[in-house]
Each structure stands twice: as structure tokens, then as C-alpha cells.
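Before I ask anything, here is the structure I am working with.
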Amino acid sequence: MIALIIFGAVFVFALGCSIAMLFAKNAVHTALFLVGSQVALAVAFLLQGAHFVAAVQIIIYAGAIMVLFLFVVMLLGVDRSEVLVEPLPAQRQLALALGALLAAGITYIALTSVDLIGADRTQDLAAINRNPGNVLAVARTLFSRYLLGFEATSVLLVAAIVGVMVLARRVDSVTALGAEAPSSEEREVA
Amino acid sequence: MPEFTPPQVQLAGVAPEITLLVSALILLIVDTLIGERPNRWFLPVMATAGLVLAGAFAASTWGDNELQLSGAIALDGFASFVKISLAVFGLLTVWVGRDYLVRDALEDSEFYALVLLAVAGMMLMAAAADLIIMFLALETFSIALYVLVAFKSGSLTSQESAMKYFLLGAFSSAFFLLGIALTYGAVGSTALYGGRDPVSEPGIASFLSTSPTANTGLLVLATGFLIIGLGFKIAAVPFHAWTPDAYQGAPSPITGFMAAGTKFAAFAAILRLFDATLFSLRAEWRPLVIAIAVATMIIGSVLAVVQDDIKRLLAYSSIAHAGFILTAVIAANDRGVSGALFYLATYGLAVLGAFAVVSVVSGQDEARVRLAGYKGLFFDHPALAVALTLFLLSLAGVPVTAGFFGKLVVFGAAVQASYSWVVAIGVITSAIAAFFYLKIMVRMYLEESEGESSPLPIGRLAAGVIAITAVATIGFGVVPGPLLRAAEDATMFFQPAPETGQAPLGG
Amino acid sequence: MTLSAYLPILLLIIISTIFAVASIFVSSKLAPSRWTFAKRLPYECGIVPEQSDERERFPVKFYLVAMLFIIFDIETVFLYPWAVVYQELAVFGLIEMVVFIVILLAAYVYVWRRGGLEWAE
Amino acid sequence: MTEVAPGYYLALAGLMFSIGVIGALVRRNAIVIFMFIELMLNAVNLMFVTFSRIRGSVDGQILVFFVLVVAAAEAVVGLAIILVIVRRRSSANVDDVSLLRW
Amino acid sequence: MNDLPFLDLTLFLPLVGALVMVLIPKRWEALLRLAALVVTTATFVASLGVLASFESGTPGFQQVTELSWIPEWGIGYITGVDGVSLWMIMLTTFLMPLCILTSWTIKTQVKPYFILLLTLETGMLGVFSSLDMFLFYVFWEAVLVPMYFLIGMWGHGRRVYAAMKFFLFTLAGSLFMLLSILYLYFASQGSAAAPTFDYRSLVGTPLALEVQILLFLGFFASFAVKVPLVPLHTWLPDAHTEAPTAGSVMLAAVLLKMGAYGLIRFGIAFFPDAARLLAPAIIALAIVGILYGALIAIVQHDVKRLVAYSSVAHLGFVVLGLFVGTIQGMSGGILQMLNHGLSTGALFLLVGALYDRRHTREISEFGGLARSVPVLAGIFLIVVLSSLGLPGLNGFAGEFLVLLATYQSYGWWVIPATFGIVLAAIYLLWAYQRVFHGAVSIEANRNLEDFRMREYVMFVPLVALIVAIGVYPKPFLERIEPSAKQIVRQLNDASVIPETRGLAEAP
């Protein structure tokens, strides 16, 4: 019963925050609503026995990534520059139709999917969470079965690091990061 | 369940990727250690060494056929073929890029490092035997490419197109991810193949071979979303909106690399996923892929006709080519897979060559990319014009070029699979496509150049790349046998269970 | 492990929220507020500031460091579970993590040498 | 404690994903579009966790980590690209960026 | 039978010559011209070897060369010659030196011009001698590219438009042929045998009638454009008129024959049932073409355009002969192909000679030329008479046979066809009269130089051949007839189909 109430609250809060994102005029508000829905999701993770993931969701997602979003939004002041313009006449209607279709489809599949999949094995997961425990189970699987994925993320991160370094130098040539030679953008300006 | 047992670690499957990662890191660090130099020749040299070594590693495992690293990587001829091709594409990109960067005063170690990382991601994509690895690989090369598209500093269009590319790319990967999630839900794993025991080591292939068809509903839905995610990367309609902008905004060598490499990697994933793993579900995914292929061929070639910027034109042409290759995916037979590999390899060479020419002709800061800029090119720079003609003829599929044979094998596969009507559409759109390739040739040969001909500095590396790709385009056109044989050897996907085997021959 | 284990966290959230809201409320009630026209002006020295784009020209360093922080922050996701099973993983796990760290460390060296972390111009 | 059936979680995930799609297509501010894409990723994460529960294995939870890393990398690079554009012309409005041309 | 592979020598001599000429600096124009002449003459000599070792009286293929090319796809290099192709090959090699000679007046871009001309020759010869469908298609398309450039770069007036139109019409048609070839290829796959592109094995592939019709239409799309049959002819007047003289000659004399040749060799041989079923419709189109071409020719005021439209009419006779279904018709049609090549080729050469002197092709700009250039006028008359089928000259034998055959099979259908001959007399003689007779109204026509040595060299053999065929057609017909007989049997007798599998295994 308690679980049901908590789930109800999570459901309403997560969905409410998501819908509010659609209508928030201000980018900062959008970001805050996103944080809200992410926190709600973290609780949903907890409810389903994914304890470590829930913590990570809060720490990294809501705590770091969204902070970066807010940081950029606020320092750039993009909130002021948002104008709602329609580039294609029917894009909004199209998007709503597509979204509604998608929502209906996925929800239908979701509500019936347990039958599709076969037996619900929630109890197995609960057993794993009791012994050896969520983090331990995650760690064991992560560092064996997903060894390659784990190492591959480092490549991804390296690409992102290098990318950020390149892009930072594209911001403005005045900010001579590595004492760059005057690039062609200055030629064009001149 | 999870008692920890250290997995068996064999590095042969990922040796090329490791090589590329290591050489990228070395390259970055060495550059900072050496400091400012007027001529940083060592950068392309190191990148070349890394790519050659990676290609050699990929070649050394030719003929192997096994799963490695807990079933995350397939070490098979298919992966080797794609990896070798990608290494070659990377090499050509690096060489053209070097001349381009020097000319526009943009040379940075990051360019080479990102190309290497992108190639590594693409290679991983081709070898991935697990959807999550596929996803990570896709993201790795996508992120590298977002940055490479934005690499020009002269014009804002470069960054703007990168933003569009990025937003649409991220959007599409969310769909791909949704597909992965649903697959995981349906199968209980993201592994493509799975182990012998479908309960303890689940995988898509073993799931499909053991479970009754009624249980595949969720997997079919997942397949739809996976198509969306990969459709973006191959620039299939209706997921093509980023292509013209990104192709136009990116530095020309990178545009060529995207056209050749991204397409190859994404198609490798599509072929492995659809023509091997999900083969038994072909009745479900085929209609969708056919619809996409037809739309892609038509939209790509029709919209290319009205372009007057050569990079946008080639972008639409690359969309049309994605449609042509999709006909081989539809065929879902051995000839289709080998045909697609052959097509992608030769298309990559031709398009890299074409963009090498574009990169040379465009001049400083890519000022000359309008079709009008190609007027009378034959009279000013006959060699460039002849080379570009060759690439265009190959793209148009005119005989004695490799592109013709590619079209033949790809269309042939679809005819064999009794999809002649799709090929008929392909044939009509090829004729339309010929029109816009011809348009460029008209400019080059049949019209006088405007104003005085300005000298075009042609770097030795770029000239070399153009020569290599031109020779290859003709060579694989006249003697397609060896490459085709290699592609046919490569069609052996890793097959743990006989049920996931190839399409039966026969039309 | 049930949700009841998270009860202290919930309590903490509730208490801290109450405390924050209450302190704002209380201070606004208790503090003397005697607003004058001069106090409402942006600057008291008499010069009205221009409505300029004050958000412009933030040094790009701020963004760069923030972004690099996020990337290296991600490592903790993997480090924590690794630390939990470190005993069990033994040498194999150590090698695994060392490879991961070394790759990112190399990237870090590159960033450092390239001047990505230098604050001064 | 009685559990709520996993189907409802999947439904929540599906709805959030759909909202993400709508938002990404409807909104015109690049950063906001990107936020909706993040919402889509979050919805997928919920799906992974729920399927992990249905399947009785932790694999799904691990996949969330990978999504997380990808999201972070995308965020960093994406925001950097947007940053470049905004700093070089003071707007992150998608339409100014001459998009959606044929 | 013969020691030297004369056929393959003939086939590749021009290409080798072209490759060698690439090495000659473009400033040495005289050497380039001479080299082209030497190469084409040598090719002609080599083709005389083919003629000499040709055994008349046997229907099958002779002098067959068979090499493996792309075994993976059952593609071979197979060439051979029979009664149908023999004269086409001879015609090509015979006219080519004359085209080189008439191109002496080309002053711009000499090097690429001659290289393209030689490449064109290999392409045309390849079309006539290929016995492998893939090889055939390669040559078929290979003809397209040099001709496109010849028209586009050295043509007159609306050359760009004409070149584009030529290229796109032909390519669009041939792509449908490619589709049909692919279908046929897979249909040829027996229970044990791998599919093949070998013409000799493909003949007699059992096909359902509706499939036959579809495939026939696929081939027909390509050949009907080339011939051209009436609704698809619109590229022809433009291409013929705007092309340089040598291009016009090759278009009229050889390229059009490629279409007719294809209809015989592939259309009828592969799909006899479909051909028989569709024959009335095709004959109707042919007759429409005869009348339409003739009527339009009458009102032309550009002498070259007039000749171009006369080709539409003449080719109507050819197609008529091929599809009436008798041996006379077939032989006559094939002979008419040769005759039209000679007559119309000569006409275009003569118009070119006129153009060189007056730089105009308007009939009204001429008048009374017989006085200033009597030799040219005399030869023009002979050629005109041959073209309109005067007994004793070459045109008569072919047209007579065709009309006779039409009468036998289709009765009154012969009347409109015969009317075409009357019309031909009208437009040709009327044009001749306006150009060479009457008063000299324009001063520039008064003092024109008559034939030079180069032109004598060109026209004496041509006229000799025209007279020879007219007087004594037997040696030509006796080489044609066995093959014609064979094809007519295929067309008329469906029960022959299973037996024809072995038709090529003639000694």
C-alpha cells in the first residue's frame, strides 16, 4: 500500500514535471523541472530495487549534468532569447500527433508487456539485492560481462575531452588557449 | 547468480581499436611536448602509423570466427572487412585533411586524434556483438564527428551545422537506446548472439531460435526503434534532415569521411543486426525497410537535382546511395551482404576522392563550392576534372567504374530475393541521379570558366589521395573479382546457432 | 534491503526543507525593512547603469573547467562499485581499472599540457 | 510490502519518452531541445531499470551507467557547440541557425 | 581455325592506342592525328583478319574467346562473331579511319578528341562482339561517355542540351535493360548450375510469357531509344545535328545499329514468344517512324537535321525487316543496317565537308554548288541515290528484301512503308537540287575549293563499297543468312526453345 502511494506520487510528480517542461517559457524553469522529474525517477529506481542506480541518478544526472545545463543557461542568458517560432507550418501538430501515437503505443505495449515477456522475476532481483547486495551484484556483472563496455566508455570520454578542447578554442579567437596562431576567422572579420 | 569469475580476455578482436586509441593519445601528448613548430609533419605521420597498424591487426584476424570478451565482440570476416576498409578511409581522410588544414591554417593534433577515435568507434560498431557496445561505439564516433564538423573556425556555418547534426544525432540515439531497452526487455539481454543455453546466457539470436513466434512482439517493436536510430546515421529518409547541412558545414575532408565511414559503420551494424541476427524476423522488418529505402532513393535523387552547392549535392546523392544499399539489406541474402560490403567500400573510395577534389577546388576557407565554381575546370585543371569525372561516373554507376559493379551486385541481390520492383525504383532514381552528376560534368567540360583561372595549390598528399582513389575506382571496376571475393568471404557472420543462418539461395 | 532504509534520508530532506523555508520566512518577518527610494536604485553613487548584455564575455575558462569536471566526475560511477568488490576482483580488477584510469589520465595530461586548466591568460 | 506491477513503470517511461519527443520537436531553443532529449534518455533509463526487475538480473541497471556516461559526454560536447554559437552570435534559437533548409 | 585472335585484337587495338596517346603531349597535334589514323587503320586491317577467317554458311558464333573474369558472379570475357555482328564490326572499323580523316579540321582540344574517338571505337566494337551480358552492358554504357563528351565539347549550337539529352535518354533506357539482365541472370540458375551471364547459356532460358514480356520491354526500352523508334527518338535530331561530323557519322552509322543489333541478338533470341506477340505493335511503330521521319525531313531547312530525320525513317525499315518474321525480312534488315551505315555515314561526311567550306548547314545558304565543287556534288548524288534505294546501289537490296518480306507476312501493311521510299526520294532529291543546282545566289558559294586529297582518300573507298554491295550483294548476304535463318526460326517457332540451348556450340 505504501509502495502504491509512493509510486502514485512519483508517477504524478515525474509526469507533471515533464509536462511542465513543455510549457515553461524560461529555459531555467525547464531545467529545474527536468531535475524534478529526474529526482522522481531516482525514487522510482529505488522502488524497483535499483539502489545504486538511484544514487548515481541523483549524483551524476541531477547533480552534475543538470548543473552544467543550468550553468550554461544562466551564464549565457539564453532564457531571454527564446522565441517560439514555427519553421514548418505543421511541425507542432505533427510532433503532438507523433508523440501521442508513440505514447499510446508504448503505454499499451508496456501495460501488456509482462505477458509478452513471460514471467515477472521481480523476486529474483529482490533476492540478489539481499545477497550479495545491489552494489556488489552490479559490480560483479559490470566488471566481467560488461568489461568491454566499461573500457569503451573511456574512449567515449576521451573523445568528449578532446572535443571540448577544440570547441573551447572556437568560442573566440581572442581567448588564446594554447597561444594559437590567429585563425582564419580573424581574416574573415577583417 | 553473480559470483565473480574473471572473464576471458582476448584482445585480438579489439586490437585495431586499442591501437587507434593509443595512437590518438600518444599523438595528442607528443604534440604538446614538442611544442610550436611551423611544420608539424609528425602529426599525420603518427596518425598514418596508427591507422596502418590498426588495419594490419584487422587483416591479421581474417578468417577467424568467434565471440570474444563475454560475447561483446564478434571476431569474424565481416568485421575484418569493414575494419580494413575503415582504416583505409581513415588514412585517406588524414592525408587530404593534412593539406586542407595546412592551407586554412587550422592544423591541430586534435583533428587527427578525433579522426582516429572516430575510426575506432566505427570499427567497434562493425564488430559489436552486443547492442550496448554498438551504442557506445556509435556515440564515440558521433561525438568525434560532431566536433570535426564544427572544426572550421572561419565561418559560423560549420558550428551551426554541427549543432543541427548534434541535436538530430542525439535525438536519434535516444530512439536507438529505446530500441535497446525494449530488446533487453524482450530478450533479457542486449547480446546479439547469446550462449548455447538461452536461459543462462540469453541473446537475441538464441532467443529467436528457441522461443515461439508469439513472444517476439516486443522485439519487433524494438526493431522499429533500432531502425530509426541507425537510419539517422546512414542518412535515410525521413531521418536525413541533418545530412545536407552537416555535409555542407563540415570541412570537405571530413564530409568525405562522414559519407564513407559513417555510412559504412552504420550499415555494418544494420547488416549484422537485420540480415543475420534478426533474419528470422525479416517478414516483420522488411516492409518498414522497403518503405524507407524507396523514400530514400526517391527523395535523395530528386532533391539533389535542385542543389547548386556541390557539397549539398553530394549530400543528397549520399542519401540516394543509402537507399540503393538498403535494397541489399532488403534482399537479406548472401549476395546482398557481400554486395553491400562491396558497394560501401567502393562508394567510400569514390566519395572520398570526390571530396578530396572538392577540398582542393574549394580553395582557402572553402570559398568555391558553388557548382558555378566548377565552370571550365577541365580547361584550367584537366587532371582534377578528369578525376572528379571518374568519381562522379562511379557514383552514377557507369560501367568500368567500381560504382557500376557495386550497383549491379546490390540490385542483383534484390532481384534474386524477388524484389525486382524495388530495383525498378532504384533504376529510375539512378537515372535521375545521373542527371545531377552530369550537371557537374557539364560545368566542368562544356562551359567556359568565369574570369581568369586562379591557380589552385594542390598539395602532394591530396593529389596522392585523388590518384589512389581514382586508380581504385577504375581498378575495382575492371577487376572487381578480388574485392568481391573478399566481401563474399566476409559474409560469414558469427553464427552460434544454425537457426540464425543465412538466407537460402534462390530467387 | 527495503525502502525503510531510506527513511533517514527522507527525514533529512524534510527537516532541511523546513529549516530553509522557515529561516527565510522568519528573517523576513523579524528583520527591519525600511525601504527608501535611494536604496532601490541600482547604484547609490548616482550613475544609472546601462542595460548592457552583462552576460556577455564570461571567460570561456569557466565553461571549460565545468565541462572537464563533468567528464572526470563520471569516473566515480565506476570507481565506487569497483571499490566495493575490489577484494573479490583482485589483480584482474586492478588491471581493469588501471587501464581505464590510464586512458583518462593520458587525456588529462593532454588537457593539462594544452593549457586547458590554466586559469590565467 | 506489495510491489506495483512493472507495467505501470513502463507506462510512465513511455509517457515521459513521448513528452521528450514532443518537446524536442516543438521547442525552438537549442538548449531546451537538448533538455528534452535528456528527458528521453531518462525515460529509457527507467525502462532499463524496470526491465531489469522483470528479468530478475542487474544487467539493465548496468546499462543505465552506460547511458549516463553517454549522456554526460553528449551534454558536454553539445553544450560546448551551443556555447560556441551563442557566444559568436547572441542567440541559441534554432531558427536563427538557418536550419531546416531543403 | 585461325591462329591470331583477330577479333580481340580488333577490339582492343583502339583502346591501347588511346592509352598510348594519353602519353603524347597535347601540343603535338599533328602526331596525335597521325597516331589516331594509324591506330584506326590498323584496327581495320585486323578486322579484315576477322572477315577472312569467317566461315560463311554456319549460323553459330565463330572465333570465340572465353576467359574467366569475375567467376563469383559467373561473368566471363566472352567474345565471338556471327553473321549478324560481322558486318557491324566491319562497318565500324571501316568508317573509323574516315572519321579520323574528316576530323582533321578539329582545332581545339585535339588530344582528348582523338582519345575519345578511339575509346568510342572499342566500345562500339565491344557491343557487337560481346557474348557475355555483363561485358555487353559494360561496352554498351562505355559508348555513352565518349559520345557525350564528343557532342558536348566539340559540337555546335545547343551542344550541351543535345549531349545531356543523349546521355539521359540512353542511360535511362539502358538501366531498365540492366534490371532485365539481372532478372534473366537469376532465372538462368538451374538446379545445379550457378547463374551465368553467358549469352549462349541464357538463350533458351524457359520463362513464363508475362515475365518474357516484362523483360523484353526492359531490353526494348534501351534498344528502342537507341534505334530510335518513334516516340523515343527526340534525342536523335538534336544529337546528330549538334555533334561534330565524326560524332554524327558514328551516331548514325554505328550507334543506331547497336539498338537494332540488340533487338535481334537479345530481344528476339531471349524472348521469342514476347517478340512474336509484340511484333505487330513494333511493326506499327516502325511504319509510323518511316512516315514520320520522312515527313519531318521534308520540311527541314538544316541539311544535317534533314539527314538525321532520314535516319529515323531508314531505321524504321530495319526494324520492320527484323520483326516481320521471315528470313528475307531478317536478312534484308541486317543488310539494311550495313547499307544505312554506309550511306548515311557518307551523307554526314559530305555535309561535314560542306560545313568545312561554308560554315553553315542552312539549305538556303547554298545553291548552285555543282558548278564550284563538281566532284563533291557528284559523289553527293551517288550517296543520295544509294540512300533512297536506287537499284544498282547498296540501298536497294536491303529495302527490297524488307518490303518483299513485309508484303508476304503482313500484306497491305507494305503500302505505307513503300510510301516512305517515295517520300525519301522527295526530300533527298529536293534537298540535293536546292543545294547543288539552281542559280548561285550567294557570292560565297562561287569559289569553293573542291575535294582535296584527304577527301578523295575518304570517299573513293566509300563509294566503291556502295556500288559493290549494290551490284553484287551475294558475299554479304551469304554470310548474313545462316544467322538470320537461325534467329527467324527462334522467333517463329517456340518449340525450338529447348533445342537452341546448344546453338552456339557450332564448330
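By written order: A, B, C, D and E. Residues from 1 in each chain.
One rule holds for everything that comes next: a residue touches a chain if its C-beta (ideal position, glycine included) is under 8 Å from a C-beta of that chain, and two chains touch if they have at least 3 such contacts.
Since we're looking at a predicted model, the values are computed, not measured.
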Next on the checklist: Based on mean C-alpha positions, I'd like to know which chain lies farthest from chain B.
Outcome noted: E
Next on the checklist: Which chain has its C-alpha centroid farthest away from the centroid of chain A?
Outcome noted: E
Item to check | Inter-chain pair with the most contacting C-beta pairs | outcome: A-D
Checklist entry - Relative to the centroid of every protein C-alpha atom displayed, which chain's own C-alpha centroid is closest? => result B
Item to check | CA centroid of chain A to CA centroid of chain B, Å | outcome: 28
Checklist outcome for this item: Chain-centre distance (mean CA atoms) for chain D and chain E, in whole Å, is 65
Item to check | Inter-centroid spacing, chain C versus chain B (mean Cα positions, whole Å) | outcome: 39
Checklist entry - Just curious, how far off is chain E from chain C if you go by their C-alpha centres, in Å? => result 81
Checklist outcome for this item: Listed in rising order, chain B residues that touch 2 or more other chains are 1-2, 4, 6, 21, 25, 28, 132, 136, 139, 143, 146-147, 150, 159, 182, 185, 188
Next on the checklist: Using the touch definition from the top, which residues of chain E touch two or more other chains?
Outcome noted: none
Checklist entry - What residues in chain A touch two or more of the other chains? => result 2-3, 47, 49, 52, 56, 60, 64-65, 68, 72, 76, 105, 109, 113, 117, 128, 134, 136-138, 140-143, 145-147, 149, 153, 155-160, 162-165, 167-168, 170-172, 179
Checklist outcome for this item: Contacting chain pairs, sorted by label, are A-B, A-C, A-D, B-C, B-D, B-E, C-D
Checklist entry - Which positions of chain B touch chain D when the two form their complex? => result 1-2, 132, 135-136, 139, 143, 146-147, 150, 156-157, 159-160, 162-164, 166-167, 170-171, 173-174, 177-178, 180-182, 184-185, 188-190, 241, 244-245, 303, 306
Checklist entry - In their complex, what parts of chain A are in touch with chain B? => result 105, 109, 113, 116-118, 128, 132, 136-137, 140-141, 143-149, 152-153, 155-156, 158-160, 162-163, 165-167, 169-170, 173, 179, 181, 183-185, 187-188
Checklist entry - Which of the residues in chain D come into contact with chain B in the complex? => result 10, 17, 20, 24, 30, 33-34, 37, 40-41, 43-44, 47-48, 50-51, 54-55, 57-60, 63, 66-67, 70, 73-74, 77-78, 81-82, 84-85, 88-89, 94, 97-102
Checklist outcome for this item: Listed in rising order, chain E residues that touch chain B in their complex are 69-73, 134, 137-142, 144-145, 148-149, 152-153, 159-160, 163-164, 167-168, 171-172, 175-176, 178-179, 182-183, 185-187, 189
Item to check | chain C partner contacts - residues on chain A that touch it in the complex | outcome: 2-3, 6, 46-47, 49, 51-52, 56, 59-60, 64-65, 68, 71-72, 75-77, 129-130, 133-136, 138-140, 142-143, 147, 150-151, 153-155, 157-158, 160-162, 164-165, 168, 171-172, 175-179
